[in-house]
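Chain lettering (A, B, C, D, E and F) follows the sequence in which the chains are written, and residue indices restart at 1 in each chain.
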Amino acid sequence: MIFPIFFTFFLLLSSSHASVQDFCVADYKAPDGPAGYSCKKPAKVTVNDFVYSGLGIAGNTTNIIKAAVTPAFAAQFPGVNGLGISLARLDLGPGGVIPFHTHPGASEVLLVVQGIIIAGFVASDNTPYLRTLKKGDIMVFPQGLLHFQVNGGGTPALAFPSFSSPSPGLQILDFALFKNDLATELIAQTTFLDAAQIKKLKGVLGGTN
Amino acid sequence: MIFPIFFTFFLLLSSSHASVQDFCVADYKAPDGPAGYSCKKPAKVTVNDFVYSGLGIAGNTTNIIKAAVTPAFAAQFPGVNGLGISLARLDLGPGGVIPFHTHPGASEVLLVVQGIIIAGFVASDNTPYLRTLKKGDIMVFPQGLLHFQVNGGGTPALAFPSFSSPSPGLQILDFALFKNDLATELIAQTTFLDAAQIKKLKGVLGGTN
Amino acid sequence: MIFPIFFTFFLLLSSSHASVQDFCVADYKAPDGPAGYSCKKPAKVTVNDFVYSGLGIAGNTTNIIKAAVTPAFAAQFPGVNGLGISLARLDLGPGGVIPFHTHPGASEVLLVVQGIIIAGFVASDNTPYLRTLKKGDIMVFPQGLLHFQVNGGGTPALAFPSFSSPSPGLQILDFALFKNDLATELIAQTTFLDAAQIKKLKGVLGGTN
Amino acid sequence: MIFPIFFTFFLLLSSSHASVQDFCVADYKAPDGPAGYSCKKPAKVTVNDFVYSGLGIAGNTTNIIKAAVTPAFAAQFPGVNGLGISLARLDLGPGGVIPFHTHPGASEVLLVVQGIIIAGFVASDNTPYLRTLKKGDIMVFPQGLLHFQVNGGGTPALAFPSFSSPSPGLQILDFALFKNDLATELIAQTTFLDAAQIKKLKGVLGGTN
Amino acid sequence: MIFPIFFTFFLLLSSSHASVQDFCVADYKAPDGPAGYSCKKPAKVTVNDFVYSGLGIAGNTTNIIKAAVTPAFAAQFPGVNGLGISLARLDLGPGGVIPFHTHPGASEVLLVVQGIIIAGFVASDNTPYLRTLKKGDIMVFPQGLLHFQVNGGGTPALAFPSFSSPSPGLQILDFALFKNDLATELIAQTTFLDAAQIKKLKGVLGGTN
Amino acid sequence: MIFPIFFTFFLLLSSSHASVQDFCVADYKAPDGPAGYSCKKPAKVTVNDFVYSGLGIAGNTTNIIKAAVTPAFAAQFPGVNGLGISLARLDLGPGGVIPFHTHPGASEVLLVVQGIIIAGFVASDNTPYLRTLKKGDIMVFPQGLLHFQVNGGGTPALAFPSFSSPSPGLQILDFALFKNDLATELIAQTTFLDAAQIKKLKGVLGGTN
């Protein structure tokens, strides 16, 4: 088979309009919708939109929970917009804890890269699923269920959660209950917790009422 | 476990951009897309967006079908935008009828709250599924299939349909056929109805040709 | 247009195999999968599969929370299997409470049919959205977020939640934390609650450890 | 770069279990579910599962509507199971008509290959969209909306509809209303048609009551 | 049943806002998102948006592959936006070839309308599925898998592929590898092809480096 | 608020049938379908189903590409079945290469944990997106597009790809073309490669014809 070096090739898909395909890099300035952010104009997309280096930096664990979560969701990493996936970085200092939380819109798979992590989730029938994870282990937390991670060793632990959505959301139980102005009495009524306990945690977390 | 009362907590998810998560309250002034309306800016969202009181008001059943449908779809109720669900209110006066219709984009579950309703749908194999429903009964009408509701008692009936989409659509058979300018001959050809019958219903419903 | 009374019509869609279309009534005896239960054989489907009367019966509210939830999910109501929707009934006696909970797999729209209900949810950014609902009001609780309902009047209240999934799931916060054998110390570490508080609620709810 | 001729290559994805990927050819003997038929064992799949020749044969248009539809849905063509697409063949003799119908679960794009076809659909707001199509034209009928096709020339017409689902369903209006045992009075009440008209069409189509 | 000729009918669904339902004709000037283009304002939609005549014109096969593909994707055919389906036209002159390619976002069903086409795809386990197709045959190519079409007769062939997405995408293997500035050495390393072979094809297809 | 220590709590969701919710751990012995494997009976599910340790073991890179991929897809890791996510491990020895490949059913985000990796993908318009990634960097490869990874340093590299599907699939270009019995002439015709080049690679990879 011999080819001429130069020739006019057929123009395949030379559409008259910018096409919706391959990817939809987030344009944070245009309106967003239920499926995600609007797409950047193709001419403005570069490889930088598909690479994120923020997870290479350790989070600051000098805080009350001795832990930090660094997200690479669609809001931070424009290239995953519309693609059904995102990541984050989880740093757990010695004694560090990511307290009970849910991701309302995604399942999670946690990859342990360093240290020992005790992780668990609770199913709808209240059964807890608990495991001590070591380097290289992965554990899945099904969508929307309460789960937690705790440093299970005496040294810093590092893990990377992956999510089945570019915008998985994150609702931390303590923050949802105590870091706002929900009335103590209403919280008591809807959690069965004692008022004194609620007021104590509101004090710690900055809630009022 | 002892907490200091004040401390700097870790800033979790303090994203640099408004995030797409939790919900997408409809912004009726921005462009809409295949997945629904654009999202209101988070700062403008209030609890009013998540509550709708329009279904508390009885529809006016002084009309030819002695019935009324009041929708709470995404077009009326901005909080359901993108969330895969919506509701409506169905008032059936004595003798009231919601004639054969379909919802092109959703399945429906009808909840009877007052009175007696005869409801039915027809499957693709032409089998009818009919039932007389009383207060507290629910019946499901699978997506896109022809169905109807008729007041089966001598008193007003009230029901609330739920839909598996924030924009289920509604195509009423008689309106689709007779309440427009489709030529009588074309309707006759594509429905097998007699021209006289078609012209009569066009007259009733305001169609022409 | 004249038709002969009897004729051999064209056999449309006389497929050689049972077809997957219109609906998929749950067959509880066959394997289930990520999309729901297997489908009942078409020949065994009757109108009873599409109607459910269990929501017509008031739940028993003589219990600690003075409340009851009666589900009509795919596990109870075979007709909604695969159709993206389900319902439930919510009875709240005077002083009744449905404590903080989530539905991991669905958004909810609550319809108040009788009485006064104080309802609320907390968003991922910890903002609470609270409202006192009266008869006819509807309120949406976006997927996976913590929410609650409380009887806001002195008389029984009745409401019907609709869900955007045939199997929305239900995770009640107190049950998930205290109605199992999770170690008190681990709960304290992952919720910041005092051990005494945890042990008290384990006692109430039947948890151990 | 030089390669040894023989070597032991790495075994990529030599999973211990049959994998769910690439395709899911329908196994008509196993249970089906909301997402479609079960998958044939990989070892039994052949190229024949991916090819269908039934659309090459003209349908018999010697019938009352002078038309025939030949489906290649998942029930006939196992290779499209789970893949979100299917086809059919449409033969319209001179004067042939595919009367008003819907596909409850799919949008359709009709491709005209021979002859002249007048096609139309009616939107939810009752607006009709009508067009005379010639060879090479395509027309889209959005999901669930009433539409029809009529031979618009004096010669046979041939078209191929494509669907956005492997099991689009097909509900023909006249069959749904008149080709079963729905009571004439109930049909009259829910369609506004005259009883005489209903009985006439029941007679033609084989309905009773 | 008697109707007055004129009356005020109930206003069903007279929503206060333009509704998202039935269809979402592409507005190419507004932002697009992961689910497709924004929707044209309902008042501007006409039947022309739902009909496309571009596939009625034979593609120019006077080129190196003696073949042409004419797309009717959402970028060309606004009516299919958001509807999960699109079409294209495939012209194969004698000796014509559509070389190995994938559609990253859709499965394809190919309908042969004229001539003989040899088509094939390769599964993830490297099994090839090959078939010689004649007029009326259809063949499915599951999503994302490498496939090709070759004119298998001495006369022009014509076929129409349907896709399970309005924007299926198209990645032609040779173009992806050789019609850009990827370094020859890097291509050699990631394809095992000889540098001379790569340079030869870069020359033919207009690539550099 | 005072609670009695023992009481009969309301039985919430004590469904009469095993419910489809929370998760669907793969049962490899039951039929699979388009949405994934059947679900294990709830009583047989343990925490082991949600944890996978196989990615903790380095793959054997003593092979022609000096690389290894270890999957934790639904076929290996039953807990991710139906949850829209999976992981894998990628070992690249010095000089190691994962040649051009696609995942037909998923987008990928690659996380570099050790070493230097040069990664790239090619878009549908043939634009290559290339980047040298270091520890902590992540890069997204949109669904279905050709991409590759190469060790860019002199030391072993380790990375973990996450996928937006529990069964992403993997089609390696060279294997698809050369590791089977596709005729050399047909490959030449559909890839423009020289027959000698094809035969050489068939020899290396174990293909015939």
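As a working rule, a contact is a pair of C-beta atoms (placed from the backbone, for glycine too) under 8 Å apart; a residue touches a chain by one contact, two chains touch by 3 or more.
Which protein is which chain? UniProt says A, B, C, D, E, F = Germin-like protein.
Everything numeric here is computed off the predicted structure, so don't read it as measured data.
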Which chains does chain D (Germin-like protein) share as contact partners with chain F (Germin-like protein)?
C, E
Pair joined by more contacting C-beta pairs (A-C or D-E):
D-E
Do chain B (Germin-like protein) and chain C (Germin-like protein), two copies of one chain sequence, contact each other through the same residue numbers, with over half in common, or through different ones?
same
Which of these, A-E, A-C or B-C, makes the same contacts as D-F in over half of the contact pairs?
A-E
Mind checking the centre-to-centre distance between chain C (Germin-like protein) and chain F (Germin-like protein)? Centres are C-alpha means, answer in whole Å.
34
How many angstrom lie between the centres of chain A (Germin-like protein) and chain F (Germin-like protein), each centre taken as the mean Cα position?
20
Centre to centre, by mean C-alpha position, how many angstrom separate chain E (Germin-like protein) and chain F (Germin-like protein)?
26
Going by residue number, chain D (Germin-like protein) touches two or more other chains at 3, 13, 21-22, 31-37, 83, 104-105, 123-124, 130, 142-143, 145, 169-170, 189, 192, 194, 204
Which two-chain combinations touch?
A-B, A-C, A-E, A-F, B-C, B-D, B-E, C-D, C-F, D-E, D-F, E-F
Spell out the residues on chain F (Germin-like protein) that touch chain D (Germin-like protein) in their complex, using ranges where they run on.
26, 28, 31-37, 59-61, 63-65, 67-69, 71, 73-76, 104-105, 166-170, 172, 203-206
Hey, which residues of chain C (Germin-like protein) end up touching chain D (Germin-like protein) in the complex?
3-10, 12-13, 15-22, 24, 27, 30-39, 81-83
Sort out for me which residues of chain C (Germin-like protein) touch chain A (Germin-like protein) in the complex.
97, 99-100, 102-105, 118, 120, 122-124, 126-128, 130, 142-146, 148, 150, 169-171, 173-177, 179-182, 186, 189-194, 197, 200-201, 204
Within their complex, state which residues of chain D (Germin-like protein) touch chain E (Germin-like protein).
1, 3, 13, 21-23, 42, 46-47, 50-53, 55-57, 72, 77, 79-80, 83-87, 89, 106-109, 111, 113, 121, 123-125, 129-131, 133-143, 145, 160, 162-165, 188-189, 192, 194
